[in-house]
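Below, chain A partners chain B and then partners chain C, in two separate complexes.
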Partner chain A sequence: MNMRVDPMPTTPALPRRPAGPTPWRRFYYGIFGGDALGLAGTAMLAALLAIAIVGPWLVTHDPLLTTPQTLLPPTAEHWLGTDHFGRDVFSRTITSLRIDFIVAGLGVSGAILIGSLLGLVCGYVGGWFDDLVMRGVDIVQSFPLLLIAMVLILVMGPGLESIVIVTVLINIPIYARVIRGETLSRKTLEYIDAARCSGASEMSILFRHLMPNTLSPIIVHGSLNLAAAVGNVAALSFLGVGIRPPTPDLGVMVAEGTNYLVQGAWWMSIGPGLVLALTIFSLNLLGDCLEGRLDPRRTEA
Partner chain B sequence: MRLPPLTLYILRRLAISLIVLFGVSAVAFSMAYLLPSDPVTSRYPDITNEQRAEMRRQMGLDQPLVVQYVRYMESVFRGDFGRSFGTGNTVGQDLALRIPATLELATFGITFGVLVGLPLGMLGAVYRGSWIDHLVRVFNLAAQSIPAFWLGVVLIFYLYFQLRLVPSPIGRLSALYTAPTGVTGFYTIDAVLAGRFDVALAALRQVMLPAFVLGLGVVSPIARITRAAMSQSLKEDYITFGRALGLRSRQLVLGDALRGALVPIVTTLGFIVGNVLAGAAVVETVFAWPGLGRYAVTAITTSDMAPVSTCILLIASSVAVTNLLVDISYAFIDPRIRHEYAR
Partner chain C sequence: MTASPVLSVRKLTKLFGDRTRPEAVNVGVRGVSFDVEGGEVVGLIGESGCGKTTLGRCVVGLQKPDDGHIVINDTDLASLSPARMRTFRKAVQIVFQRPETCLNPRMSVFTFVKQAMRNFDTVPRGHERARMIELAQLVGLKEEALDRFPHQLSGGERQRVAIMRALACEPSLIVLDEPTSALDVSVQAQVLRTLKDLQREVGTSFLFISHDVAVVRYICSRVMVMYLGVIVEEGPSEIVLGHPVHPYTQALLAAAPRITPKPGPHPSLKGELVLADVGPGECPVRARCPMAHERCRTAPPVTQLPEGHRVACWLAADAATDGPISIQTPSKKVPQ
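For the complex of A and B:
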């Protein structure tokens, strides 16, 4: 492999910050650090979220209505064709996006809530409680989580609630670990001593002085984790234990489509999967951009 | 007798792995125990309640959970993993067929992922901040974002149903060939050893597509860690010193900087093995690959207790063993760490 290398390590070009801070520039450089990819990801995510939110008014057909017109290719009437029950694939895709956002979003929010609380207490209190929780986290993280998620969903019985609960459970360790580290590194800082000297209670130090400072790692890990959670919910549904038919879900739709590829009905799988990939991609773009902003060593250096 | 520090370190690391494995086995057993099925009912669907109670007593299912767990572990140490209700075979027989299938798929997949991810990460580190770096970043994020099951379906549709470029995506070998028997269980290698190059080629064509889908998930983590670690090692004094001596850039990047970045890369590789084994469940389902992952998925959805606990135990143990090997390998990769132990 022929690789050209600069003779000296060059200092990287920092994003050029223009002189006059117009509102647009303040937005672009302030939040995204001049990272066009982060902006693109956010725009894409905003569009997908908007589609998911106004979904019920956007659908052209009832997503659950079966008709005799099965396996129609995309037409002006059915923009993404119809499936094996004659249901409109476009309407089902939009409804699925909404359901998947809600399920993954609730799951990740729950994990953030419980995980960061655990991490906060572990990092602050330390001792045997910390040891116990962290060894538990080690064990959980050494498991094939997709398979564990399948078992747990079957144990709790099918349903959207089970998927949300399982998403919460398998993602708690991520936040417990991150927030514990963040708390550990902050609790010896001077502003905490200052707060204690001015008579702040332990509770107040924990929730008013330490917790707000763990917000940025939560946002970074939250967006990357939400990307993974959306993918996992779809994968579980694809494997037949997540969201069950007839409730529309992107993974279920791809799975149903595989049985009709022989007949050339590509539209059943391609569209829903593409929406799923774009959703995960936009979340990853956003998370990657924020990660770079939060930890400048990673991108600049 | 005083043991050498490296041996001592390996022993201590081994002890920690054993403790983790113990926890893992307990969880794997409880997982199977929790499954919403009764082994007696699934084997003998129409028996009376009295017969069922009698069967449960004979099989020891009326004992407390702890007693059952101890018995289970006893039989596991004897090499007896129980019997699958689904296939009718012992889990040991089933796994003997399926583990090589998954290992072959995973070997091809991880090799592909490393062969693509490593150069990509190095490009990103060397041309940091340039358009090449940004291109690599977009590619990585895209590779990480495409759901494996969807990519599999799309590729099957275009490359098989439309273009007929790949063989029918069913299993390890098309029905036209008889599977080679051999020591490794890798169809490609066994066929070559048997001198059947046509069979080897057919097996290779069969494994290509699933290995690509599985390997694409490996590209992004490898490329990311390579970029980060190489950027760090390119800034080390020994690289600057090498440059000052006038050493060739190619030698510095491919030799010295890569060697300096190897420890975090190998760490990530260890962590990837676990991901790949779990991710194989999805890929094997799409490509009807008769491996461990699909076996586990079928067992879970049919509440087949013995295979479920064995598969979970097996995958988690492989993760623990890989991590152990990774930790030990540090000493051999990096002389600085070896030096640390020697003191």
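For the complex of A and C:
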């Protein structure tokens, strides 16, 4: 048998790295993790927010001003035509977007604030307080959202404040549940015991040690929830219990437009409808992107 | 001894029942009594689930005992109101086992440790930084580590921070609950050396909980061996770990790996711990003890041997009255 010495295997070459990071690459991969849809959603949302913010300087007409020129199709004067009262649809759409963002934003922020606080205290204290609050949350969640919202608004009377309050109320359960769960899983960890041994008061344990560690899921839930809230406000307005005419609202405008669709006045609904869809779509894209980026279990290597 | 012990535990009981299996023996701590003197390092060894950690958590007041007394510096923990308990926690501190979760992930080391100084007023305001640098040197941390967050530190560094936090309270006793078992062997050795040097320098008493015989042998002057919530043997480490009397201790030591194995037969326990085999009121080791006999159906008395060596075994009780101890000759076995 002839002896044969195998040559030493050479060290396999490292896979060639992609070219050095350009600013674009750093932005795209570093912030969005290569998620094109997330980037698209963020860009769209940023554009819509910008439009909403500079809205008052962008409008071409007074959104509430009625004129005799009713149901005009889109022209150079009225970019999206006019409605049945002769109001400029473009100006009304932009004003609506602003109002809807404010209402949904306030509602979701309020829900985050109250819901997180309730969840935190429930998870930490437990006992009858936890049972009481969680059964309340169960009750709220057991009704169809729109139904409970409509009843509440009928009780409180219509108005922007009522819609904000209702948005807060129907979204509290989401945050209360999520934060309660986070609190439950963290309150038995050693650093909480260590803080207690360091002589930390219950308040300090709750707000300095537990709370900052339970808040990360809120970002994801918040963006997805904001999409739902914008839709809900529009839906309530569409059903006639939300924002009342003549205050412009995307839902109201779509609802009014449907009455004139048969007459061929398609421009009354299409503008506000598209803006509404884009808003919800972009918020959902952003939410999905955030979920993937912030939850380490879902990130692909 | 004239000075009263730093920690005095009397008949401490804390049991956890399994509601799905009510016939099984409850696990936890059952009627444990011991003292820790000032400046002493006492080891507590035993297998997983024997109640070591529960005992440690009760001692620092993180768990309320079902029964019994824990007296620290002449103060009974049970007599303290919640408000006084908060300030009293200064006296006894704990270092936990798992370095991943022992630090608040959203707090820098400095903020985390400063809280202890603030709450107990151990350092005058404005001097925290200087004191912290001192402590960091003591536990072998670099000064830069103070401004880092836990995820920027290695496991060994985090454990050093945990020790630093305990020291910042200036306690009279630190419970170390397996502080090195989650670390790499090389890091383990460094942390152990730090702990030993530290203890010599600061003079704080340690209650060192571990399942590692070698670690306890290295650091402790006195050792307690626990099995199923009961201390079965207790005494100076060189005696307990050198010439163990209780069959369980012998088996535990024989199971620990050593470089030069001892010649001759090794005493070992039978099978694994099965809670259902342990009857109430009997010696907890009986079901697995190679030398069990009929008398073990009643719990053995604690026999006092010379030099503070105490053993809870009938064989030791016999030997103490009959003459020299001969452990290696098993008495007549009773078939079970």
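Methods note: the second predicted complex is superposed on the first by the 264 of 301 C-alpha atoms of A that agree within 3 Å, B and C clash if a C-alpha of one lies under 4 Å from a C-alpha of the other, contacts with A are read in each partner's own complex, and residues count from 1 in each chain.
Criterion: a residue touches a chain if its C-beta (ideal position, glycine included) is under 8 Å from a C-beta of that chain, and two chains touch if they have at least 3 such contacts.
Please read all numbers here as calculations on a predicted model, not as lab measurements.
*Asks:* For A:196, using the defined touch cut-off, is the partner it touches chain B, chain C, both, or neither? Pick first, second, both or neither.
*Replies:* second
*Asks:* After lining up the shared chain so the two structures overlap, which partner does A:207 touch, if you call chain B first and chain C second: first, second, both or neither?
*Replies:* In the superposition, A:207 contacts neither chain B nor chain C.
*Asks:* Just checking: does A:27 make contact with chain B only, chain C only, both, or neither of them? Give me first, second, both or neither.
*Replies:* neither
*Asks:* Using the touch definition from the top, say if A:257 reaches chain B (first), chain C (second), both or neither.
*Replies:* After superposition on chain A, A:257 lies in contact with chain B alone.
*Asks:* In this superposed model, does chain C or chain B come into contact with more residues of chain A?
*Replies:* Between chain B and chain C, the winner on chain A residue contacts is B.
*Asks:* May I ask you to decide whether A:129 touches chain B, chain C, both, or neither, giving the answer as first, second, both or neither?
*Replies:* After superposing on A, A:129 lies clear of both chain B and chain C.
*Asks:* Under the touch definition given earlier, write down the residues of chain B that touch chain A in their complex.
*Replies:* Interface residues on chain B, with respect to chain A: 20, 23-24, 27, 31-32, 34-36, 119, 122, 126, 128-129, 134, 137-138, 141-142, 144-150, 153-154, 156-157, 161, 228, 231-232, 234-235, 239-240, 243, 249-250, 252-254, 274, 277-279, 281-282, 285-286, 296-297, 300-301, 303, 308, 311-312, 315-316, 319-320, 323.
*Asks:* Looking at the complex, which residues from chain C come into contact with chain A?
*Replies:* Contact set of chain C toward chain A: 57, 60, 62, 86-87, 89-90, 93-94, 96-98, 101-107, 112, 115-116, 119-120, 162, 165-166, 168-169.
*Asks:* What residues on chain A touch chain C, complex-wise?
*Replies:* 189-191, 193-201, 204, 208-209, 212-213
*Asks:* Which residues of chain A touch chain B once you look at their complex with the stated criterion?
*Replies:* Within the complex, chain A contacts chain B at residues 1-5, 7-9, 12-13, 37, 135, 138-139, 142-148, 150-151, 154-155, 157, 227, 231, 234-235, 238-241, 251, 254-255, 257-258, 261-262, 264, 266, 269-270, 273-274, 276-277, 280-281, 284-285, 288, 298, 301.
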